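Below you'll find a set of structures to go through.
One chain, chain A, appears in both complexes that follow, with chain B as partner in the first and chain C in the second.
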Partner chain A sequence: MTEKIENASDPLQVLSDFNSLAPKDLKNLSAQNLWSLNEKEILAVQAYFRSLKRNPTRAEIETVAQSWSEHCRHKTFKSPIRYQEGSKTVLIKNLFEETIARATRQTKKPWCLSVFKDNAGIVSFGNKGKWALAFKVETHNHPCAIEPKGGAETGLGGVIRDVLAAGLGAKPVLSTDVFCVAFPGKKLSLPPTALSPERILRGLIDGVRDYGNRMGIPTAAGGLYFDDGYALNPLVFVGSVGVLPATAVKKEIRPGDLIVVAGGLTGKDGLHGATFSSANLNGDDHSTAVQIGHPLNEKRVMEALLSARDQKLYRSVTDCGAGGLSSAVTEMADIVGARVQLEKEILKASDMEPWEIWVSESQERMVFSVPPANLKAFEKVFADEGVKIRVIGEFVKTGRVEVLWNGQTLINLSLKFLNNGIPLEEKKAVYVPMKFAESRAAFPKKSIPEQLKDILSHLNVCSREWLIRQYDYEVQGGTVIKPLQGTRHDGPGDASVIWPQAATRDTSDLSGFAVGHGLNPSSGKIDPYQMAWLCADEALRNVLCVGADISRAAFLDNFCWGNPENPQVLGSLVRAALGCRDASLGFQIPFISGKDSLYNESKDSSGKMVSIPGTLLISSIAPVPNIEKAVTMDMKGPGNSLFIVGPTGEDMGGSLYNEINGIAGGTVPRVDVRCARRNFAAVYKAMSKGLVASAHDLSEGGLLAAVTEMAFSGEFGAMIDLDALPKQKPIYSSEVLLFSETPSRILLEVKPEHEAAFAKCVKGSCVKRVGTSLANPIIKIIGLDGLVLFEESTTPFKTAWQRKVLS
Partner chain B sequence: MIAASTHKIEVSLKSEYGNAESLSAAAVLKSANAPSVTKVRKSRLYEIRGNFTVTHINRLSRDLLCDPITEDFRILSQPPSTQGPFWKVEVRLKPTVLDPEADTVKNAMVEMGFPAPDFIRIAAVYKIESKCGKPQIEAAAIRSLLNPVINLYSITACS
Partner chain C sequence: MKSPKVLILSAPGTNCAVETSNAFAELGAKPDIVPLRLFKEKRVRLLDYDIFILPGGFSYGDEISAGRILAAQVKLHLIDIKNFIRMGRPVIGICNGFQVLVKAGLLPFSPSCEQSASFVANDSGHFEDRWVHLRINTQNPSLFFKGLPEMIELPVAHGEGKLVLRSPKQLEDLKRNRSIAMQYVSDDGKIAPYPANPNGSVFNIAALTNPDGNCLGMMPHPERYTKIYHHPNWTRQTFQKQAFGMAILKNAVDYCRG
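Coming up: the complex of A and B.
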């Protein structure tokens, strides 16, 4: 019986000799059936059934496998880890609890309404405290590597359902997408089953566009990052923000309530998605784990759900994601218990085994807990939208999950065993610091304007207009600050601002919110701890630049790493998590939700296992108390003063300038959090008084790239005096001053009539006047010697920036 | 009583409209190692099985499947007269994969008062003018137009 189990005529499929199998055979059995249970885990399952003195059914093992998968259980983040850094070794009992969760607890923010518990993090919103925002960002990496369009569609569909199932249901008002793929057009030696980077990128964009546009949700906050480390394992982060009434945050399960499934029918598609996502990609055909999204079905479920929520027809809801009904029902039953008559589920394929129905991950389904008295009304609401519902069982106070198939017991497991029975293994983590020579500026090979053109036309900097324009970012009529900004609506905005009046239907409340992302894998290759700081800093600056109140910002984490069984990979993951903790405490900003996707490694054409660079995405969400005070990045007029926020240091390690000039490594810049917090608070104060005309953060390409982008977006020019720049220590190189990537810096434009008031606001913080905006569209830089370093028209820079990415 | 049969309807953009989908298909084929591709014409092929009269199919094509301003439809009763030579690549989803477009067409047909079809599948048809041989077209199509994990395909030479 160590072979793959074939479908038998017995619908229960009792594994008749399971309890007598030797450990080696058990391990084989797990591998053959794609359960992804390791030896210790499957032995624990055997011990449990031996104690019950009976053999399990296949459905029971499938349930345990889904529930204990890395995808559902986050084993790496919750297992004890012996972490070694240099000569020091510490035992981390629970990485998640001791880093991210602890930081969130310590920041003690009363406006965090639900963190790490529900399907999304929930914070309070609106000037009357009547509303709440739910935000979730998820990864969908493995399916997207195999079928990019279907993977992106179902990924976005899944995260939208997470937000629909946050509290009693939030109306999605914004979708986000961040992709990490390999450089297109490069000859890479890929194995025959791998898709080319262009193919993957095109598919991902098609998927998000087709699903998001049809759902009627604006896709207005994203990112695209190229690195050849993602050739075999592209990363896809999709997110959703929803608005719900503050009264609909709490959900509960009461014994006697009915278990109701609504939405798409159940089919064979998507079997083993949860366990598959916890395995390495090895070129086998996984067509059942791949699915196509059906946005129109999800749209109907969404409309019906929101209507039923407002009529208070159900007490709890969750989405059917990874693990299908198995995960959804056991998650909802929590400590209460559930009894399911599985034959009542409606199928779209006739040849399904009961266990397949139980774990199928068919899309666009939600599970509700409905009081019996409300069932009729509930059914009507869904029927009006053309959605089929079916009652498949009820919640019972037994502490067990019991599933019957035509009266026969298919599954009878204790929830205590499912939730707490997983044996957690102590893992080993080692952090080995990378050794590089001290960072210094590369010896320039070209003139400064030529270098600037190279930077602006770099794939990680150049215009994303071709991509953004495919998405409907205007639907719902609340995108007050759009992703593309400036006179010709083509400048690179730092973030979008959404005014969710379509959800609140209250046009007297001018509260909006902004969403930003911080992603910096190149610094992670040098030091993952600093990467976490840099991501947090960037995510925060992005939302600050559009006028968001960062004292009420919240973070989301998404960790994508290689195989955590490798101590060095786990070591870098631990270090990034420690960075998240310290950045959260340093900025006093809580994490409200997060996700991890591990085992992102595959064999390349020579059979060598290749892992992605450890990648952390920190997403931020912050309220914009008055959308009329929101700020864009394009220059607004001539004769205005340009102020820089934050001192410049000699931070060339990992900078784009060094990359273009062929210098790797160096030390990653450090965030001076005390200085940054003081500066950011001062900037927000000035913005909230309407004193800032435009703002743009300094990221890849440093000061020169930022000022050029501001100038060509507004179709004005700028003059910058390098001598006026505040510096951490004396710097004598113009290149360093222009291209250094010191974090926490922002460039602001202030009109002359606001300068006095602005100066008062920023008193005591590091904000210095460094130049003026000009009527002529030119960039003029005054060097340290007081002479003009260069003076060039902005047109060639914009042309370079608007290069073509895909053929 | 009409016997159930499979009807095939091909919908393509009128020649006076710039066909972005065809141009993009040509570009991706060229970048996927089929440089001699000179022209691609893309169309949609609906395969509908059920008890329908010719009038039904005609009305269905005109009112639902095709945008009469920008598109033409053709009911394929016999192998169509072709303007070859070209390679015809037909790409459809595997029967095990959900086809949301077909599902939507099916629902719309019922709402419009047509009898419910037994089966609908939608295929993409690429007519590729190229000097490449079949193996090269097949390899390029797999690299750019279709994904064997979810798609079935057929490649035929038309003259």
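Coming up: the complex of A and C.
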């Protein structure tokens, strides 16, 4: 019986010799049936059934496999890890608990209303804390590699459902999307099953556009990053922010409440999605593992859910995502218990086995816990939106999940075993620092203006207007700071500000919020620890630049790595997690939610296993207490002073300048967190008093790229004096001063009439006047010798920046 | 009449009802978001309302074509709509709502209410969100543009916004009976191609009315410009400091107040 199980006429499909199988045969059985249970795990399952003195049904094993999948259980983050760094070895008992969760506990923020336990992180929001914001970002990488459009649609649909199921349900008011793909237009030698980067990118954009726009949720906070390391495994991060009443954060399960499924019908789509996402992509056919989304159905569910929430018709809700009903019901049953009559689920396919119904990942379904007395009213609300509901069972105080099929027991498992029975294996992690020759000062062949053009036209810097405009970033009438800013509405904003009037229905409350992202895989190739710091720093500066109160900011993490069974891959992941912990403590910003996606590796055309670069996305959310004080990045007028926040160092390692000039390695910049925190607080103080005319963060391309973007977005010019730049230590190279990517830096524009008050706000922090805005649209740089280094019109720079990305 | 009653129709897939309702509430009107279902069940009467709004969105997922299914439903279940218009009460179809008005044969106006125009995919081939400059036709008799300057800005966001007409003669008719309410123009007020005209609409038409001027169909979204903070350049303070979307909706409310 080590063959793949064929569907038999017996609906229960008892695996009649399971308990007597040898370990080797069990392992094969797991592999054949796509259970992704490793040897130790399937042996634990056998031991459990041996103790029950009966053989399992297929449905029972499927339930365990879903529940114990990497996708649902985050085994890597929760297993003990023996971590070796240099000559030191430490035992980390639970990576998540000892890094991210610990930092969040230690920051002790009372406005964090729910962290890590619900479908999304929840923080307090709005006047008098009447409201709350739920924020979740997750990945949908494996499906998007096979079917980019469908993958992006169901990814976005899934994260929207997470927010709909946060607390008793939040109304989604913003979607975010970050894509990591290979450079388009390059000849890559891909295996025959892999799609080209162009095709993947087009599919992803089509998916987010068609789904997000139809849902009536603005997509206004995204990112796009190119690296050939993503050729076989593109990364897709989709996020959703929702607003809910502060009184609707708590959910509960009471025995006697009904288990009610609402939404789309169940079919064969998405079998084994949860276990599939923990497997390597190897070109085999997993066509049933990717689902197709339907936004109109999800919108109907959303409208009904919000209406039922406001009428207080249910006590708990969760979405049916990976693992389908199996995951949703066992998650909700938690320690209480559930009894299900599975034949009551309504199907859209006639040839389904009971176990398939149980684990199917058909989209747009939610599971509710409804008190029997409310059922009639609940049904009416959903029927009014044209959504079918079905009662499939009830919560019972047995501590077990029991599933019946026409009266016969299909599944009878103890929740204790499901939740705690997974044997966690100690994993080995080794961090080997990358060795590079010390980065040499470059001897570029090109002039500085030519270098600037190369940077601005680099795919990781150039304009995203062509992409952003395909998304409805203004629906719900709340996008008060747009992703595109400036005179011609085309400048690269650091973040959008959302005023969620469509959710609060209170136009007198001018509270808004901003969302940012930090992503820096190139620094991670040198040091993942510093990458985490840089991501946190960038995510914070993004929202600070539009006027958000970063003392109330919260972070989300998303780790995308290769195969954690490889000690070096795991070592790099551990180091990034340690970086997250220290950055969170350093900035005193809690993490409220997170996700990981591992096993992002595939065989290339020569059959060699290739892993993605370890990629961390840190997303930030912070309130803008009064939207009237929000700030944009475009230069506002001539004769204003330009101030730089933070000192410049010789930070060329991992910089775009080095990449363009073909220089590898170097030192990754370090965040001086004490200095950064003091500076950021001063900047926010000045912004909240309306003293800052524009602000832009310094990221890829450094100072020169940032000032040029500010100038051409506002259609003015700028003069910068390099001698006036505050420096960490003496720097004598103009190139370094202009292109260094020292973190924690921001460029500000201040009007003359505000300068005195501004100076008061920033007293004691490292904020120095470095230049002036000009009426003439030129960039003029005064070198260290006091002479004009160059003076050029901004027009060719903007043209270079507005290059075509996809032909 | 102190507080005109506003009916904002919702159907599966309509998206912009809430922000439209918020705007009318702020203007002191009484907005109700009414699901189409209540019309099917004959539990609501259109003529009990003073203003009728078809909001933006993707009604029925825009399957078949934009607004097509909802248009059929409106014809079937909102049988009073022609009377409502004939009685001179204000009607605004916004974006998807404009598409519905056209596909229901209510705009361009004809006594037979036969569909005489349509919308096709934008010339760019995809959905686009951008702020556009619009020139209001001062010859247009409508009640919606009182007190507004000739040039205004509003955002558009659609994938099927290119208005196409049956014949060149129909365009002449529309011009003659002053039914063209707004045109897409460049920032200096000239009829110009993409991106000034975001979709390739014939004669840069952005909005139409009936000859009486009380039924308005517009691709731009007035409910997305109800506060100055909606304008993309509000932080530059170099724009006309009137939220023109709100002004259009206010004119409808003021008209009912008499």
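Heads up, the rule we're going with is that the second predicted complex is superposed on the first by the 804 of 807 C-alpha atoms of A that agree within 3 Å, B and C clash if a C-alpha of one lies under 4 Å from a C-alpha of the other, contacts with A are read in each partner's own complex, and residues count from 1 in each chain.
In the analysis below, contacts are C-beta pairs under 8 Å (C-beta built on N, C-alpha and C of every residue); 3 or more make two chains touch, one makes a residue touch a chain.
Note that the coordinates shown come from a computational prediction; the quantities given were computed from them, not determined experimentally.
Contact comparison for chain A: of chain B and chain C, C touches the greater number of residues.
Contact with chain B, but none with chain C, is seen for A:267 once the two complexes are overlaid on the shared chain. When the two complexes are overlaid on their common chain A, residue A:199 makes contact with chain B while staying clear of chain C.
Residue contacts after overlaying the shared chain place A:37 against neither chain B nor chain C.
When the two complexes are overlaid on their common chain A, residue A:507 makes contact with chain C while staying clear of chain B.
Once the two complexes are laid over each other on the shared chain, residue contacts for A:632 go to chain C alone; chain B is not touched. Once chain A of one complex is fitted onto chain A of the other, the partner contacts of A:150 are limited to chain B, with no touch recorded for chain C.
When the shared chain is aligned, no partner comes close enough to touch A:673: not chain B, not chain C. Contacts of A:296 after superposition: both chain B and chain C are touched. In the superposition on chain A, A:389 contacts neither chain B nor chain C. 295-296, 386 are the residues of chain A that lie in the contact sets of both chain B and chain C, per the superposition on chain A.
Within the complex, the chain A residues that touch chain B are 146-147, 150, 195-196, 198-199, 202, 267-269, 285-288, 290-297, 362-363, 386, 807. For chain C in complex with chain A, the touching residues are 12-16, 18-19, 21-23, 25-26, 35, 37, 56-58, 60-62, 126-131, 155, 157, 159, 221, 223-224, 226-227, 229-230, 232-236, 238. Here chain B touches chain A in the complex through residues 27-28, 31-32, 93-94, 96-100, 103-104, 107, 143-144, 147, 149-150, going by the rule given at the top.
Residue ranges of chain A in contact with chain C, taken from their complex: 209, 213-216, 295-296, 299-300, 384-386, 468-482, 484-487, 489, 499, 501-502, 505, 507, 627-628, 630-632, 634, 636, 694, 714.
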